[in-house]
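This report refers to the structure that appears directly beneath it.
In this document, chain identifiers A, B, C, D and E correspond to the written order of the chains, with residue numbering beginning at 1 in each.
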Amino acid sequence: MPLLQLFNLRKDFGGLRAVDDVSLEVATGAIVGLIGPNGSGKSTLLNLIAGSAERTAGRIIFDGDEISGLSADQVFQRGIARGYQDPSLYLKMTTLDNALLPVKSQRGEHPWYAPWRRFWQKQEAENARAAAGVLEQVQLLGHYDSLASDLSGGQMKLLEMGRSLMGSPKLLLLDEPTAGVAPNLAYEIFEEISRLRQQHGITFLIVEHRLEILFDFVDSVYVMHLGNLLAHGSADDIASNETVREVYFGD
Amino acid sequence: AQDDIETYVLGIPLPFTGSFGSFGQDFERGILLAVSQMNAELEAAGSNIRFDTASADTEQTPEGAARALQTIAQTTGAQVVVGPLTTDEVLGAKQFADENGIVIVAMASSGPAASIPGDNIYRVIYPPDTFSSKAFATIALERGHENMVVLHVDDPFGNGMNEQFIANFQAGGGGEVASFGYAPQSTELSTEAAAVSAALAGFGDNAGFFCVCFPGAAQAFVQVAQVDPILTTVQWMGNEAMTTLEMLEDPGHAQTLINANFVTVSQSAASTPLTPIFNADFVAMFDKEPGIFTNYAFDAANIAMLTMLAAGNDGAAVKSMLPFISNHYIGTTVQAYLDDNGDQAIASYGIRKVSDDGTAFEVIGSYNGNTDTITYN
Amino acid sequence: MITVDHLTAGYGKLEILQDLSLAFAAEQFSAVLGPNGSGKSTLMKAIMGLNTIFSGSITLRTRELIGMQTEAISKLGIAYVPQRENIFTELSVLENLQLGVRILPRDQRENALNELFELFPILGRRKPQKAGQLSGGEHRMLAIAIAWLSRPTIMLLDEPSAGLAPAIATDVFNILKELSQQGITLIVVEQNARRILQHCDYAFVLREGRLMFDGSAQACLEDEETIKGYLGVH
Amino acid sequence: MINIDLGATAISVLTLFGIYALMSISLNLEYGVAGVPNFGQALFVSIGAYVAGVTYTRLLPLLAGMESVHPCGPTMGQALQLRSEIMATQPVAGFINLALTLVIAAILSGAVGFAVSYVTLRLKEEWFLALVLLVGGETVRIVVRGADDLICSHNGISSVAQPFYFLDDVQMSSILFMLLALALALIAYLYSQRLTHSPYGRMLKGLRENEEVTRGLGKGISLARAQIMLIGSAIAAIGGVLFALNTGFVNTNDYVVTLTLDVWVMVVLGGIGNNRGALLGAALIAIMDRVTQVAAIALNMSGSPIEFNYVRFIAFGIILLLMLRYRPAGLLPESRLTTIAHETAKRLTPGKTI
Amino acid sequence: MPSSLLVTSLVNTIQIGSLYALMALGLTLTFSVIKLPNFAHAEYVTAGAYAALIISLAGVLNPLIIIAVAFLVGALTAVVSHLIVFKPLERQNVSLYTLILASFAVGLIIRYILFTIADYFNIFDLRIAIPLQILFRTGSLILTNLFAWVAPTSIVLVILLTLLINRTALGREMRALANNTILARVIGIPVERVKNYTWLLVGGMAGVAGALWGLQSAVSPLMGWAAIISVFAAAILGGLSSFPGTILGAYVVAFSENTIMLFLNFSYGVDLAYKPAIPFIIIIAVLLIRPQGLTQLLKRAGELGR
């Protein structure tokens, strides 16, 4: 059974229909690309799935349960984490704290336990080790106690990706993870994505414009245009699809 | 010789800031005048005692009054203070005064909440409002008002005055009274004026109006009332605080009060041979006219100093001696005589109206609170 | 045209650029490349007077820029498109563009806007929309448009193609090419390095605040060090 | 003639510091750490005071095994004498009454804070919340001022004595009260210090930085916000109880917007998000208040024609501005380190590079 | 409620609402352009009122001159407080709440300077002595010369300001500055000059509001401070960034303080002393029911109109 299914999802902003009856599926363990011209509704679609925007109509099924209508925090608890197109970090907090915040069921996060360190100290140290591991992967361990506001644009992108991973998601929604990232690192990010899929079985739905990298890693690709799904298929299919070439590559 | 001069400090906790800031300033001047006169006399008499003052701002809150009193006492060792002003502030200062044996000589507080026997609060000179409210009720009845509309400041003073006025008015055979409170910080009273006017209209003829207001609000009220078709046709009474000279600065306002046959019942109007001397001395020292209550502060300061001359700079002794001294004191207002609660028991008021040329308030009679009789000149 | 000489600059007490010297030639299309955090954006901010300069100089022709107010620098004909927060999100798209043309003489403004709408028809369609509601790509187009509308002689662009769909990215590169041909001096930071190196004349590669490489675009693509440390082999 | 009684001064200032510290710690938790702009600080402080007004008039006589007397109206004086007498002669009743007052005040105020937080959930705009709390505080004040029975409307309740009133030695009794205030402030400080430096504190900071993202990271932010309002409001009300006992008088005129602003000054001056800063801010305000007042007395005594009670505020304003200008992050900026995680990470970081 | 009361209270609503609008617009302008909820705003009002009072005591009774002087003094106070305090602070990039606190301190300083001046000249609780005259009267509708000054002056200023902000290049630059200061610098907007203009307008309008307020009630050093909560309420009701919203907010606040309060008093016996609380309660209710504030409402109305 697919991990994520969308049925006739729709989103209107006033008069503008940003997402128009989109139905799609993401198989468990797959890396699925979502591409399309600017303004075609990709980010909005991710927002709908993550529960941070309210849908106008349609249904979202995740892991067998209907999650349409759940709030963003509930969706996250079910196992869907997301990255933002414009990095949304906690700018006045350290890199490490950014990474630690999303960890689920932290005992020290309960106000009654929080004052008593022995309830949470051990768990916190474990989490810190895990966070250090993730930061290392995104080349930010050296910056663990810098404020996020002091990172460069690309570093912010990387930190955000690392932060999402800390929530141990089943499905990770990424909005242009490599925008602004150095070429060698961009490739490494996708290698990392691929490794995560293999080792932890995480499923990915990725919006990306750097197709030369994306196409090397995806199992399948959806193409959006003006809020609609225009095409679906393997990377090769899409690359050779006439209509897609026209609206997206501008050929 | 200079060396053995002993200085007693008189504390002055008053609201220098807040909406009564100008009262605080005036009161302080009254006290400073009393102190400088006293010091001159002491020097002339060869006494080795001198008075000094220490003033602190109560910020017009009860807790601020407590802090002011604390600071004065702990900074200068003062055992006697003249002030604070309102009943709230007096009560705020009460606990510290009682515990530390500091005597509070308040000159203008008149709310019933501070009428407490045995504590360190003495409210000399200014009698509780039970008397003046009765005077106003008597005048209203005498003027033939069947119903009254009261606009009062919504604080312990205004509410107390209102309640007691209603009780006295109705006990004397008066009819219904409609009262409106205005919030103490109001700077603008057009809503209130509209409501008062409507209530007066509802009562029909023979209704009178009684304003228990502070100067700023009173001005704002008269400003709107002067074009009101109803308020300009009824008779008015008002509390003493309304009778500032600023009130008459605008000829339109003065005329409104003249037309309304405005009268006030005020302690300060009662005068003794010392009153004009005080006025002259005040002008000589500060180059401005004293405010309406300034001489109360002057008298209170004198009572405090006289007591200290007799009892020394010692709170407990002053507390024990103060009723005796006040009961034998005549200053610029009236005889002071304290009841069991330490409050002024003699109520001798003047009745005043606006002079025909609209430039001053003039005395037209008097009211004896202890016998409840009005006499017109 | 712009000469950076022994520049040490950064934020607060933090030094990011270390004794950096380089020169951007007039009418040239230069790319500034380098790993994330290497100081590319910092260099641009330094030119615009937006961060702390510890030592060194930056001159436009013969004019010293260090110490000048940002507003004054922009009046010298330098337009800058920051990496982030590069549009007025609370204003409408049209108002953003009007601010772009504000320094042009009155009679040229209308024309400039019309030309722009030909170049970016999508912005024409979004005129009354609040700029903060644009999609990522639209956002970036608007940012470039604002800068371009002031008809600068030098443009500094911080990652103009990031987040753009290939079709638009191609357009942007074409526009850059065209601007360069019109004689505008272009200084562009890009992470889409291979792509920009096909268009630009000259490249600088920074690493940890120092210059690692400078030379023609072609030379850069072939430079071993650069490939290893930055471009990657893919 | 200045003749400062240093001992007594120290006791008053330290007592005031303890009370202010409770208020500033409360606001620092709510605003400094969690970003909830509580402009209703005066409200929560006043709840403590009003509870004291009620317990001292209704509960205390019961605890002392006496018939309670209606505290307002004609029996006002009688009720006052009764409670003074009990406080002077029955210390145990006084202590139990205080303990109950603190508990009731904390629970009631905490519940109000919690409820307000939920009621105001729909207010997305940070400023709307500030406004609602600000005007809500004033509204409650105006309503209580008009309510006849609660604390006798305008008249207030006097002789709400502190629990050591029974001692004959006034100095000793005020020292003990000071210690009580300091002890409660210390407990509040230690508690909030531990809250801040825990994963919970980290989550609150996340909430402060960006609600949307925090929600997206799986945190139930409405509950978190309500919890911190509960904790903060409870601490503020404890401060309010002591505030009332220190003056011995409960009256609505003390709980005005300026009190809220003073607490804000403490927090911003000391260092937003830093509990030690909150303490420092409280200390500075308590000291500055006294120092400027003493200076005003001294200068006025020296016969200067200018009114130093005005200059006092002008000076206070200027000092505040100079501090803000030269120490904008507050005197003690927020620490970057939240939990032990940073030590763990440090150990795992090979030679840190920037 | 008798209709005569209704008419009187509506006249009051217009008069007071116009004054609130004048003050609140300045507040909104500072908040949106300078990003500062300025508590010192109250004191610009008081400064204007004292300026007007002092020249009226000196014998100048021409309302136009009085208003002009009040504008200048208010503007001067605002610009000076900007140059001495806010500008250096902004340079340091301090937090919003530091700025709020600074504004609180600035207000305190101005307020007590005014106290000192008022104490020195002994001018507490005086009114600007332009005699009140009835210009027009039918039934219970009474319009005075004061109304003729206050309402139109405020309304005209409000309209001019709104046009300036929304329709002129300067207004656009102000809004751009409000939105993104760095970018504004980058595209060459003379940021400091635009800010100075903003402060000039803000202070000037507050000063005029003070003068008009002083025509209507007594001038005291606390008058601005006493009105500031209503004014903040008006501005926040408008969402703190929308000018039409702010104007509507000002009239809503004035309407609740006058007409609604009178209605409640008349029909349900609610004491007038609750007047300061009633608008608060209404504000809270409005905010809870319409969390977007009134701006959204206006937008909706605008859309319907289109």
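One rule holds in what follows: a contact is a pair of C-beta atoms (placed from the backbone, for glycine too) under 8 Å apart; a residue touches a chain by one contact, two chains touch by 3 or more.
Owing to the predicted nature of the structure, the values given are computational and were not obtained by experimental measurement.
Identification of common neighbours of chain B and chain D yields E. Chains that touch both chain A and chain E are the following: C, D.
In terms of C-beta pairs in contact, D-E outnumbers the other of D-E and C-E. In this assembly, the chain whose C-alpha centre lies farthest from chain C is B.
With respect to chain A, maximal separation of chain centres occurs for B (centres as means of Cα atoms). Chain centres here are Cα means. That of chain A falls 44 Å from that of chain D. Chain A and chain C have centres, each the mean of its CA atoms, that are 29 Å apart. With each centre defined as the average position of its C-alpha atoms, the distance from chain B to chain C rounds to 74 Å. Residue positions 17, 25, 154, 183 of chain B each touch two or more of the other chains. Multi-chain contact residues of chain E (touching two or more other chains) are listed as 112, 115, 119, 271, 273-274, 276. Counting partner chains per residue, chain A has no residue touching two or more of them. Every pair of chains meeting the touch criterion is listed here: A-C, A-D, B-D, B-E, C-E, D-E.
Chain C meets chain A in the complex at residues 11, 14, 34-38, 41, 83-84, 122, 133-138, 141, 158-159, 162-171, 191-194, 229-232, 234.
Residues 50-52, 71-73, 76-77, 81-82, 84, 88-94, 96-97, 100-102, 104, 106-111, 113-117, 120-121, 124-125, 127-129, 131-132, 135, 141-147, 163, 167 of chain A touch chain D in their complex. Here chain A touches chain C in the complex through residues 13, 35-40, 43, 85-86, 150-155, 157-158, 175-176, 179-187, 209-211, 213, 247-250, going by the rule given at the top. Across the complex, chain B meets chain E through its residues 17-19, 21-22, 25, 154, 180-183, 185-192, 194-195, 197-198, 201, 215-217, 219-220, 223-224, 226-229, 244, 246, 249-253, 288. Against chain D, the residues of chain E that register as touching in their complex are 37, 85, 88-89, 92, 94-95, 97-98, 100-102, 104-106, 108-109, 111-113, 115-116, 119, 229, 232-233, 236, 239-240, 271, 273-274, 276-277, 280-281, 283-284, 287-288, 291-293.
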